[in-house]
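Both complexes below contain subunit A, partnered by subunit B and then by subunit C.
Right, the complex of A and B next:
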């Protein structure tokens, strides 16, 4: 029963993280959301297997321990990329996949073939020979 | 029984509420602080589930170091351009926002269904965990998680150390030609108690790390927890100005960063001439050797990632 409660908590955290990942445009907010989703997966990995001798299964525990360390190192690398992106473009946002302008750019690309001058929000009008 | 249920419901609600505060927070700084609180709540949940190794790791890494890395990255954004550090343009609104809500609800339902289905499945007669517990006596170790990490799944741990090293090298490549910016130190504010606090906390952290390393074979603890506690001490030393980031890395620093991979690689080949499999368990001495090297590597790698610089040297004060 208590396992079921924590499964529901993991589902809620995963959903909240997915929403944050989709809706936010700031890279650090996306990273926070991704880390929330990671924690939900870790929780699920520990709660679901049957306990052995009153404690969680040691094999998934070791996997989660590895995952925690991998998560912090990849987050650190992503943060370094973000600081660099901020220095280059003046803000730390990337276009959201839910932005209609991005869809329009993708649709145009799929119709006309990829064109480096015409992708995404800032579509250029010049024709190439 | 009902009291336990109540505790679980409270913890689950706390986790979900803190996750909401992280994702929906208006200010980025507040979201980061709530993320640190979320990491601590996760540590409490691990302790409640009877997984002290994970509680230690999540308190030190999930809450402590990830939070410190996020805060120092935010600090760098503010130093480059305070006006636009939090700026993220316009978020999707209208139909696009509702699509995000629908996707989030769907994936949450999917996770719940997968989790509940997995709970209802009859457990395998001999899961890997039981095999580990049965084979634990042959290794002479008391902590099954340490046994899994270094005896039964040693390759995973080796590759993990390679990932850590790769992250350090990649972060260096990304920031190598950027103008070197050192973060504002607490020391610059001249708070009288900081130095005293660091003088007490850092030796204690070193003591805790060595204890975690020493007992890790039989009790909760091990290289990951010890390394992250040491990295926390490194962060405290940097903030107080005792350690200063430098633009050049010296040989000892580089050696420390590769020590974990090197030690595990040595243990990989040593058993092979005798016809034993690679990374075969060679006894407690070799375990302590590998764990000590991993602890040093993890501490140095995470400290350097926090510093955002290739090297560290002792401060002038």
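Right, the complex of A and C next:
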């Protein structure tokens, strides 16, 4: 019975995280949402496997431990990337793929003119040695 | 040296060199990284001989058996993609050497990351169980994201961040599927049966793992991170990303499908093949309308990856040979195009296709490279791209899969549309809008490396049999899988 509650809790947490990941613009919120989803996955991995002879199975625990290490380092790396993005553009948000402005920009650029997605990287790369 | 010891070298040589490069002073990093990048491919020669002879090349690290230990093994498919990785990695070195000289911004971080990416790719191709595959794919993704971010522009950082977020979301879906597989079967080995349908979690686990890997492999409609990431990455990084990194996730998909899943539903195979069909068309359409050369090449990847999904509905030896061969030739051709495009951006300062008329006169080697690689992408005989598509066509004919037959036959046309658009606008167009500022030419070696890659992609179509035989003996799951 308690396992069922935990499974439902994990499903709810995963859903909240997925919603946050898709909806928020700020990278910090996206990362928090992603970590929420990871917690839900780890919870499921621990709860779902059947115990072996009354003892908990050690393998999923080892997997989750490895997963947590990877999640921590990924999050740290993503935060560093976010700080760099913030330093460059002054805010730490990334535009949505479905943002109509991005699409309008793309179609306008299919004719001529500068490309906002590249931010003048084409011109800048000419200055490189 | 024994073969298992050689197997460890594939990962340990780049990994230890990465550590050495981090410890070394900034000036010594580049030679260390280049030496290691040239050194590890030599291990493939004795190992490849072993795979061709049909030796069992596997290794349980430290004597610990999976699932707690780490199991490695090298098979035919892994060997083919690892060879592409070796060739593209070496061919990208002149460009990277030039671009990330000591003193250049980000050269400090670039070389260790380059080696870690190499180690991660080899690790993912060697992984013999589902969880180690996850760890290796994460390592590869993190290194790839960091390398994209080494092009220090807002666009590159945004693309890297988007890639990272999506890839992590994908890998957490994959790892959830892996956990369900373990709960069901008590094993993580690749050969373990995840009987679908009858089992409680079988289909759920399969769907989760495949979806997660599709995000990493940028299969339509989960490709959204790919165009931005490939076009904004530095040239040598884009070459390796498009030639190898996406394919590693795709090979993982094949392995999950053919080795971990028993008798996956035929409807799912048809669905995935259909997704591949839409990807071929959509990617080609976007490649046709994109104004920038690097974006055209990136979208063409979305299109060409669609072919690799056709293996699932067409399962069988011939389809596997065709898809494996397409993996090889597309990797070589796409890497050649990205390296050539990077040179064009450096010299002409722009990669807007309409601003590059007269390319054949100003940068003849690059124009020739683009044309040759384009021939392979279209699949004109006798290029390597033709051989792969021809094998897939034969497989479709044998199984009377008329839809796939027509699709593969027509796909050459849509590829031709975007390739010829580039060639027409750059080589056969009045020089009215030309960019006249010419910057310093990069060394000839960077141009020649790209040209050699494109030549290899074409020439391998003339001598395809060694590769086809190798792939033929390594059909995963003995050619089983979904039968139509």
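Going forward, the second predicted complex is superposed on the first by the 93 of 129 C-alpha atoms of A that agree within 3 Å, B and C clash if a C-alpha of one lies under 4 Å from a C-alpha of the other, contacts with A are read in each partner's own complex, and residues count from 1 in each chain.
Heads up, the rule we're going with is that contacts are C-beta pairs under 8 Å (C-beta built on N, C-alpha and C of every residue); 3 or more make two chains touch, one makes a residue touch a chain.
Treat the numbers as computed from the prediction; the structure is a model and nothing was measured.
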I'd like to know which partner A:24 touches here: subunit B for first, subunit C for second, both or neither. first
Determine, under the contact definition given at the top, whether A:34 touches first (subunit B), second (subunit C), both, or neither. second
Which partner does A:66 reach: the first (subunit B), the second (subunit C), both, or neither? both
Is subunit A touched at more residues by subunit B or by subunit C? B
Does subunit B (first) or subunit C (second) touch A:77, or do both, or does neither? both
Between subunit B (first) and subunit C (second), which does A:89 come into contact with in this model arrangement: first, second, both, or neither? second
Touching A:44, do we find subunit B (first), subunit C (second), both, or neither? both
Go through subunit A and flag every residue that touches subunit B in one model and subunit C in the other. 31, 44, 48-50, 58-60, 62-63, 66, 70, 73-74, 77, 81-82, 84
The residues of subunit C that touch subunit A in their complex are 67-68, 99, 101, 104, 131, 135, 138, 142, 145-146, 149, 151-158, 160-162, 164-165, 168-169, 172, 175-176, 178-180, 182-183, 188, 224, 228, 231-232, 289-292, 345-346, 348-352, 354, 437, 439-440
Enumerate the contact residues on subunit B facing subunit A in the complex. 4-5, 8-9, 11-13, 15-16, 19-20, 22-24, 28, 31-32, 35, 38-39, 42, 45-46, 49-51, 53-54, 57-58, 61-62, 65-66, 69-70, 73-74, 76-77, 80-81, 84-89, 91-92, 96-97, 99-101, 103-105, 107-109, 111-112, 114-116, 118-119, 123, 127-130, 132-133, 144-145, 147-149, 153, 156-157, 160, 163-164, 167-168, 170-171, 174-175, 178, 224, 228, 298, 301-302, 305-306, 308
How about subunit A: which of its residues touch subunit B in the complex? 1-20, 22-26, 28-29, 31-33, 35-36, 39-40, 42-44, 46-66, 68-77, 79-84, 86-87, 90-93, 96, 98-100
Subunit A residues touching subunit C in their complex are 21, 27, 30-31, 34, 37-38, 41, 44-45, 48-50, 58-60, 62-63, 66-67, 70, 73-74, 77-78, 81-82, 84-85, 88-89, 94-95, 97, 109-112, 115, 117-126, 128-129
